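Two complexes are shown next, each including chain A; its partner changes from chain B in the first to chain C in the second.
On to the complex of A and B.
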């Protein structure tokens, strides 16, 4: 007589096969949080579109990679629980009013535990809201910091303070350069950066022979470059300018046959600039943001897990999209993860206390101090080493790490003077 | 001395595409009596066509420029037929319609191509050459190409208007629409041709400038402001005036931007327009309207 239904052997075999299939299908698949698991949401509030998108969108994308890596490793361990991470983004288009709307949505609707921001134009109202809500938020621009922004941290970047390291390195390694021309975009990104470069050049004994702002509506950079080159500077300084502006300024310098030294805060998508100019033209250009496949990123003081591998992963997933700030947002997220695990909580104020504990923290380029009272009235910026990066054979190469606070201790008064003069 | 000559070169190169933009705008206004605020978006569309065909699909640059003229010209024809024609007797309606078109084209570009960084369009001819052996003065090859194409198009356009029956008809319509209609000319047909030509010229301007400027959906804004200043200074309705004003304004703006400041140049440019309106309300080569 034939047996009806499953035999015990058939059942066991089928169940094992099904379990194997499910397990096999899990390998390599992106993590999807299941109902019973705990999830912690981190907010990303920045310009994902528009001309500033180059300093936010690559960072948001890098955070997605970071979240996938954390989740694949089992999530964030808080006590006996494992929390899976979800990144919630809001495109504020770098507008103050949209930023405030986004801030309220992220905090009140999405219930995020940290908000990552670029900072600058879009920050003031949102940060005020975060402070009232006791929400932890971060910026790349410490000029956002005031004595009132209690829970707003600059844990990755201290723009534009680190620009001093590039000038200092240049003065030591190319002492024959005696004059500089600065052109800068006329906004809150450009102004403090000009003050910093003026202080750095003065400290280095380099005369600034030209220093003018250009309107951010500028479409033709030929006159800007002609005016700068009329002063025959040894160094052309592009200050802190939007990626598009740096691209067009470099192209004009090339077209107007400039052969001197260039220094810039950023050099995003420099491969495209080389394509428009030449490898020889960009050779030796100094800026401040490394590629993470740089061998110097593997030095023991670096606080970023597998930077070379991260760089490769990022470029595979988002080809031709690595910008200056790509690594900063996931680096902050990783600092937050470590602090949350240390605090045993994902609540903003617990993580904030853990981050600030002992007055020091694991900055990407080496352990650093919470600092800033002298400049911004609050010690909410993590300041220490910063790399000086040079284009060598068409590739961004770290030539040295320098300490920002060392420079400040020697020349801080100059920076205060120029900051006051720039208003 | 080198700085002065370099500034002259910069201004000359810039004036050609401004003139191309302005004559198209003048033609559209003359024939259709529409102040076309969307003209800057035709420029933007031309730039995107070059990005798409030349930078992304490896079509030869010059073929991409021709394609840009044709595609943007067709966009102009469609807009005229669907939107401007029904508003023919309502100048305010046409103006509002053009503002609507401006936003629609911007959004279309943003949705299609994104709103991030500028599009990467490598120049066909990178590098520069010294001007007549002057080491301190360089002429970028790509700008020279853009200048050459713009001048050829302007000459071709001028010959078309002066030497062909259709050109005469367009000029007649621009001078006096009612009289032209009484002579048996179809105003709707001429408006269609004017719109196609004007849009095509703006598209060509965007196409030749695409490797030299930031290409993004809102690129038309600063361009249309400049074009309006130029046609007001030149005399609204005057093609010769538009070309003359394009050269004068661009030289003025470039020299002020070089020796003083770009922001000051823009402010002084507007003051220059006001001055011309006070001294010569009809513009440099415009004719006053009979009351």
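On to the complex of A and C.
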């Protein structure tokens, strides 16, 4: 009688074949240096797997595209040499111990010249090691910065400081909006962001009629939205909620027939939100992260090579995966390239000096100041212009670039007060 | 009395293993030494977890107990100014105390209910670290935790965390002590009673065994060693945070113990060692790694349902079968041989 089902041998064979195919495709991806070409390695230390991978993997993939573009253009010009770029990544699973292992591997074994990190809870041990090794490293979360993290930079994002630009723009362009309701997840991303929004609303003369945290394990946002809407706010602020939370909150706002203004830090995968709601519902929503095919990304002050082409390439290779952080890692890598060419060296301390020269640096949205001592005790965050982005006809559109430091100079005390109150 | 050849073979093997472990720090790259240090800490965690399972209960709160030790030792050194050598044992004892308190509600449950209860208790503790920034630091945890130091007459103070080799030997010493303690305990009358409770708890109770006390002692001791592992981890990394002790990490402990096997103390050690090596071996695959890791786990459970520790016996059976030109046993699901069963109470 013929055997039915799946035998162990068949299972093993099929699994091995599938594993081999996947391994082959994955091993083939990175750039491989040829012959006597000079190669400079940049490290990527972040969660490529697990719950937080959404804030690192798209960025790592974008770095691969950036490296391909740089290499296709002849590499990085250092003196008389052209260096090809290789991205070496290490999945730290967003764990402190794996981060330290990865940090040592990248620095001591791979001899990378820069380490790109997401930052957050996985960072402290690795950053302490980088500091001892005089290794240049970067974070997307400036809260990682301390007076001791000498060579750790936040050159792309100053979360949540830039959120003030969206509120300020809203207050100027829609002065009829007088009240706001804020909901935020109860974690280290939510708290400082709430403090920032509270300060920004107070500076703009907007009353906050509702401000509550929801638990990070929340899955049903109907009660959260109902409680907010009960206060009849002109603006609903989604703070810096995780992408899934933003998605579910928008869906609930739509289901509960909210027709007012929405403001959010991020709006990842907004196409999917439109599919669940409608183009009309999302129209006018304000957030802070642009698509790189935006015409305003071609303005002369932008420090990013061919942003439109980069956006197209990314979407071709990784369809439907563009998110808030996608461009930030390659933007940092591009900034590093400019500084290395200026320094005439790829050595971390030479590039660090070139980056910090004159107290200004080439931020992706325009030249900006190294700043941060008042908040983090060290001027290692690059702060300048940040775009205010609005959904217009179902598409993210930059409506204006605003200067973060201008706002800080006028209202910095408010932010300090609310930061202290939020603990 | 003449020692058997098996005794000498085992002793020789252990001596060779110890020699290898002592030589390893001088043979591997610095970052691989860190892998070894974390592996040793995980061995303490897995071996202590197995001891708890001897009483027949699987907990989902063991990693949180590790966190209690890590946080306790961090606060004792940073806030109270205790030296690490005092703070770490104190933190381990405190973890045992917490486990003792938890034993009252938890051991009113059995099996699946105990599993869920231990998860809930663990999450309550872990989320309190998340919630209360003072003194636990909230989601960011505690950083700049002092490292263990040894004052030497001529060399001055040696910072062990700054020297991975020194820290490796510290961890190795703790691991050896842990294994010896749990091995001796398991072979003692106490351990045999735990086995009896595991297999026939009603029968054990009927002959006068106070099940609650035995289970509680196992939980307290296992948790205290988990706490010690946590203290070692915290002082090496210089930072602790709630994410390091979440359910995701607990699942790794379960995988180490199940894949390694639970019949002997060698099982979880093998599980930690082999899966750490596999994890490192798959590093080049980046985001595809979990797929391969999962496939390896599935294949291991399919072909070695009694864990990696049964591999030598399986290999011997296959070898015997080849030599005698007969087929090896097809299924592992059959009753294990006499040698693999827990020793009888009167042994």
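Rule of thumb we're sticking to: the second predicted complex is superposed on the first by the 389 of 423 C-alpha atoms of A that agree within 3 Å, B and C clash if a C-alpha of one lies under 4 Å from a C-alpha of the other, contacts with A are read in each partner's own complex, and residues count from 1 in each chain.
Definition applied: a residue touches a chain if its C-beta (ideal position, glycine included) is under 8 Å from a C-beta of that chain, and two chains touch if they have at least 3 such contacts.
Computed from a predicted structure; not experimentally measured.
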Which superposed partner A:125 touches (first chain B, second chain C, both, neither): second
Touched partner set for A:50, first chain B, second chain C, both or neither: both
Which superposed partner A:104 touches (first chain B, second chain C, both, neither): second
Which superposed partner A:94 touches (first chain B, second chain C, both, neither): second
Chain B versus chain C as contact partner of A:312, first or second or both or neither: neither
Partner chain in contact with A:187 - chain B first, chain C second, else both or neither: second
Intersection of the chain A residues that touch chain B with those that touch chain C: 49-51, 53, 57, 186
Residues of chain C defined as touching chain A within the complex: 29-31, 34-35, 38, 130-131, 133, 138-141, 143, 233, 237-241, 243-244, 248-249, 283-292, 295, 298-299, 302-303
Residues of chain A touching chain B in the complex: 49-51, 53-54, 57, 186, 212-215, 217-220, 222-224, 226-227, 229-230, 243-244, 247-248, 254-257, 269, 272, 275-278
Of all residues in chain B, those that touch chain A in their complex: 2-3, 6-7, 10, 13-14, 110, 114-118, 120, 122-123, 126-128, 130, 135-136, 138, 140, 143, 213-214, 216, 219, 221-223, 254, 257-259, 261-263, 265-266
Contacting residues of chain A [partner chain C, same complex]: 8, 11-12, 15, 19, 22-23, 26-27, 48-51, 53, 57, 60, 89-91, 94-97, 100-101, 104-105, 108-109, 121-122, 124-125, 128, 143, 186-188, 423
